[in-house]
Amino acid sequence: MKSKTAGDFLQNKLFLIVGAVLLLVAPLPFGTYEQNILIMVLFYAYAAIAWNLVCGFVGVLSLGHAVFVGLGAYISTLLLIHANLSPWIGMFIGAAITCMCGVLVGYPCFRLKGPYFALTTIALGEIVRIWVLNNEYFFGIDIKGSMGLLLPQTGFQPLAFEFANKTTYYYIMACFVVIGLIVSYRIKTTKLGYYLTAIKSDPDAAESLGIPLARYKLIAMAISTFMIAFAGTFYAQYYRYVGPDRIFGGDLSVQIALIALIGGQGTVFGPLFGAILLVPISELLSEYFGGKVPGLHLFIYGVIMMFVVFFMPNGIHDYVMRFLKWLERGFWKMLGKGNKKPETANL
Amino acid sequence: MSAIIKLENVSKHFGGLKAVQNFSGEVEYHSIVGLIGPNGAGKTTLFNMIACTFPPTSGKIYFEGKDITNFKASQMAHMGLARTFQVVKPFGDMTVIENIMVGAFLKTKNCKVAREKAEEIYEFLGMTCGRDQVAHNTTTVDRKKLEVARALATQPRLLLLDEVMAGCNPQEKLELVEVIRKMRDSGITIIIIEHDIKTIMSLCDKIFMLHRGEKLLEGTPEEVANDKRAISAYLGEDYVNA
Amino acid sequence: MLQSILISIPHGILLGGAYGAIALGLSVIFGVTRIVNFAHGSLLMVSVFAYYGLYELWGIDPYMGIVIVAPIMFMVGYVILTVLIKPLIIRERASVVEPTSVMLITIGLWYALDNLFMMIFGSNYRTLDTKASQTNIVLGDATFVTQLSRVIAFVASFVLAGLLWFITNKTELGKRIRAVSQNRDAAALCGVDVYKTYGIAFGLGAAAVSIAAACLSQFYFVQPQIGSTFGTKSFLIVVLGGLGSIPGALLGGFIFGLIESVGAQFITTTSASMLSFLLFIIVLVVRPKGLMGKL
């Protein structure tokens, strides 16, 4: 079995091409309801990819990453509301600040071992959520506390990241996902990726080879939190509203983590597969059972989580890749080029 | 200055346990030095202090003239000091070549260069397990070699080998001895902890013997083999031949 | 103002006793198996619902109900360890799987259980109106009023702690438990069935939390959310008091009870909980052993 840190370039271009085409045309045949689901799939995929950069690659479990999503959302939205700054710019500022916070948090916390780190991230998430819920002002800036931030609706303002139809939002999120995948791939196949895998595998051995553990963990954390902040801005611009309970909530954190874990942590495409599998389930369940059976989709997530940890600890990634490889072989056979053995890059 | 490493009155206490007491010694460049003694004598503790896994309770350690007593473990590879672990620590999910590459990345940022270096070392050590074999699927001997390969990839000037031959059959030990000689010939100083006395005697220029944390004696293989204290503490009466 | 602060102190201590009782089970499980059981709060919640069911359907008073629920929860705990966790530990030792898998499966269990009950019972809260919950204890001329159930919970925490201490220190089983918690492999070499001992420890923890649940059910709501609330609180308490320490769990409980009770005089309860989380993080980062921990 080839290891997950394949350094070779993508030999299997076919599934990528098909994937790219699907990505481009996906929203077109559908109505707004389905498009919303697609957008949510991409949103969670992107967030999970960003989460994976630190948690999957380094091997820590953060159950409070929603904080960084929320920070990104709040910063760009506040800049929009109070300073009239376009979210296209605001999101970079949000990302930068979030990134700094991520590093500040990581620095003392990375010393903690597995479960304690996880507990600390939960605690941090709760602290931020409760604080925002209960406070109207932050250094004089009106953050509206529990009421959340409402974005002004004008319908169509591309410069203000506001669009009339869902399709545009879809393509924007699709771009983010592609960027996320590229970043993941670039990290995995370069020195940073090797070092992170080494740190995850055996920190003592990694140190003996000259790898400064803290520095690399923080680099991963910085990239992860920087990227996930953009998801926050997107969320705000899409829903036109951000509230502390949702955007800083433990549920969001756990959902992001679950999607990455079930998809396959430490891989490039894992989080995407996870999102494709889980988000439609969640959305469809809320549609059909919505208010009638509260907590159903989280229950299903919990069950799937246990199932996956028990039977497929590396997530569904390997199975999906094998399936795709099988499909591709079949395809080439059908075309009469039966002897070609495509190599699926193990991402 | 011909000593690559110098220890001055190094001691290490773990609570009430005196693991190492007042150890002093020097290792010359391009030599192979052996560290022997019964289990629990403090050999690995000494290695850990030299590699800066933890600092000594007292005393000083000099590497190439620099005081490294309180340095961090991750700094040592940069300074030219590499080590292997008594219980091997491969990066299980990576392939053999990728493991070695991690070491090679110390000296380069480039993936291709690292891979070439890794291939070079793979050849140099005469490794037989598949290049792309996942590390946790390798045999003990291959893992030992991998451990050495990875350390070698950091291009050290001093290499600490901790019981590299444990668990190897005589043929495999001979292979490793060859490898160690090759490494020394390429300019690396080696300190080796081993229990196989025959190997130590044939390989080393100088031997330190530790007993209960203290340096019992220091000398050439002949001197050690004939020393009464060494014989009674560790070697046993049958050992007179180097 | 001063008077209300002073009164809040004994209230806080009473509350702290209950918290300690809840956290005891977690401390035992962790102390022995080194497993951080994220589903601890869920076990509490399930037990509370069990007592509710027994009381509403058959009129069985929760304190009596302990006789039924505690052994069942013991089995539940044992089964969770043996069926869900043991295979992962075995797998982990072969180094094929990340050690976080045990943690992840308890997280999955937490989510599944809490939301299952949410689905069945909804988020509305119910209360158990028993004699103990209705009887008030009045001190002075109504300056200090509390429910009998809270006082019982306070006393129960010591009894439970004593019981657990007795089991772990004075019985054969306790010796095995301590051996396994100190050195798993050495204990195995001495013939101790490690996984069975883990299972028993887990069962004990679950039974302990179910006893605490009997007390809690009579002065707190019966709703699925209490799983997360108290689960998280238990972690805070156990970390503060020191993981694996029985007196530490009680001490941590008291400190938390006091923070919440006295703090509520000055700031809102939600803000007080924020402080608890902050304290938790500080303890973990600065003194991970906690106040009395042995790890």
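When the chains are written out, they are named A, B and C in that same order, and each has its own residue count from 1.
What we mean here is this: a residue touches a chain if its C-beta (ideal position, glycine included) is under 8 Å from a C-beta of that chain, and two chains touch if they have at least 3 such contacts.
Please read all numbers here as calculations on a predicted model, not as lab measurements.
A.B. asks: Of the chains shown, whose Cα centre falls closest to the middle of all protein Cα atoms?
C.D. replies: If we average C-alpha coordinates per chain, A lands closest to the whole-structure average.
A.B. asks: If I count C-beta pairs in contact for every pair of chains, which pair wins?
C.D. replies: By number of C-beta pairs in contact, the leading chain pair is A-C.
A.B. asks: Starting from the Cα centroid of chain B, hunt down the chain whose centroid lies farthest away.
C.D. replies: C
A.B. asks: With chain centres taken as the means of their Cα atoms, state the distance from chain A to chain C in Å.
C.D. replies: Chain centres of chain A and chain C, defined by C-alpha means, are spaced 33 Å apart.
A.B. asks: Taking each chain's centre as the mean of its CA atoms, how far is chain A from chain B in angstrom?
C.D. replies: So the centre of chain A lies 43 Å away from the centre of chain B.
A.B. asks: Give, as an integer number of Å, the spacing between the C-alpha centres of chain C and chain B.
C.D. replies: 49
A.B. asks: Counting only residues that touch at least two other chains, what does the list for chain B look like?
C.D. replies: In chain B, the residues touching two or more other chains are 92.
A.B. asks: Residues of chain C touching 2+ other chains?
C.D. replies: 96
A.B. asks: Okay, in this complex, where on chain A does chain B touch?
C.D. replies: It comes out as residues 1-5, 7, 189-191, 194-195, 197-198, 201-202, 204-213.
A.B. asks: Show which residues of chain A lie in contact with chain C when the two form their complex.
C.D. replies: Where chain A meets chain C, its residues are 59, 61, 63, 108-109, 111-112, 114-116, 118-120, 122-124, 126-127, 130-131, 133-134, 250, 254, 261, 293-296, 298-299, 301-306, 309-310, 313.
A.B. asks: Within their complex, state which residues of chain C touch chain A.
C.D. replies: Within the complex, chain C touches chain A at residues 36, 84, 87-88, 91, 96-101, 103-105, 107-116, 118-119, 122-123, 224, 228, 232, 235-236, 239, 268, 270-271, 273-274, 277-278, 280-281, 284-285, 288.
A.B. asks: Would you tell me which residues of chain B are touching chain A in their complex?
C.D. replies: Touching chain A: residues 51, 53, 72-78, 82-83, 85, 89-95, 98, 101-103, 105-106, 109-111, 114-115, 132, 134, 150-151, 153-154 of chain B.
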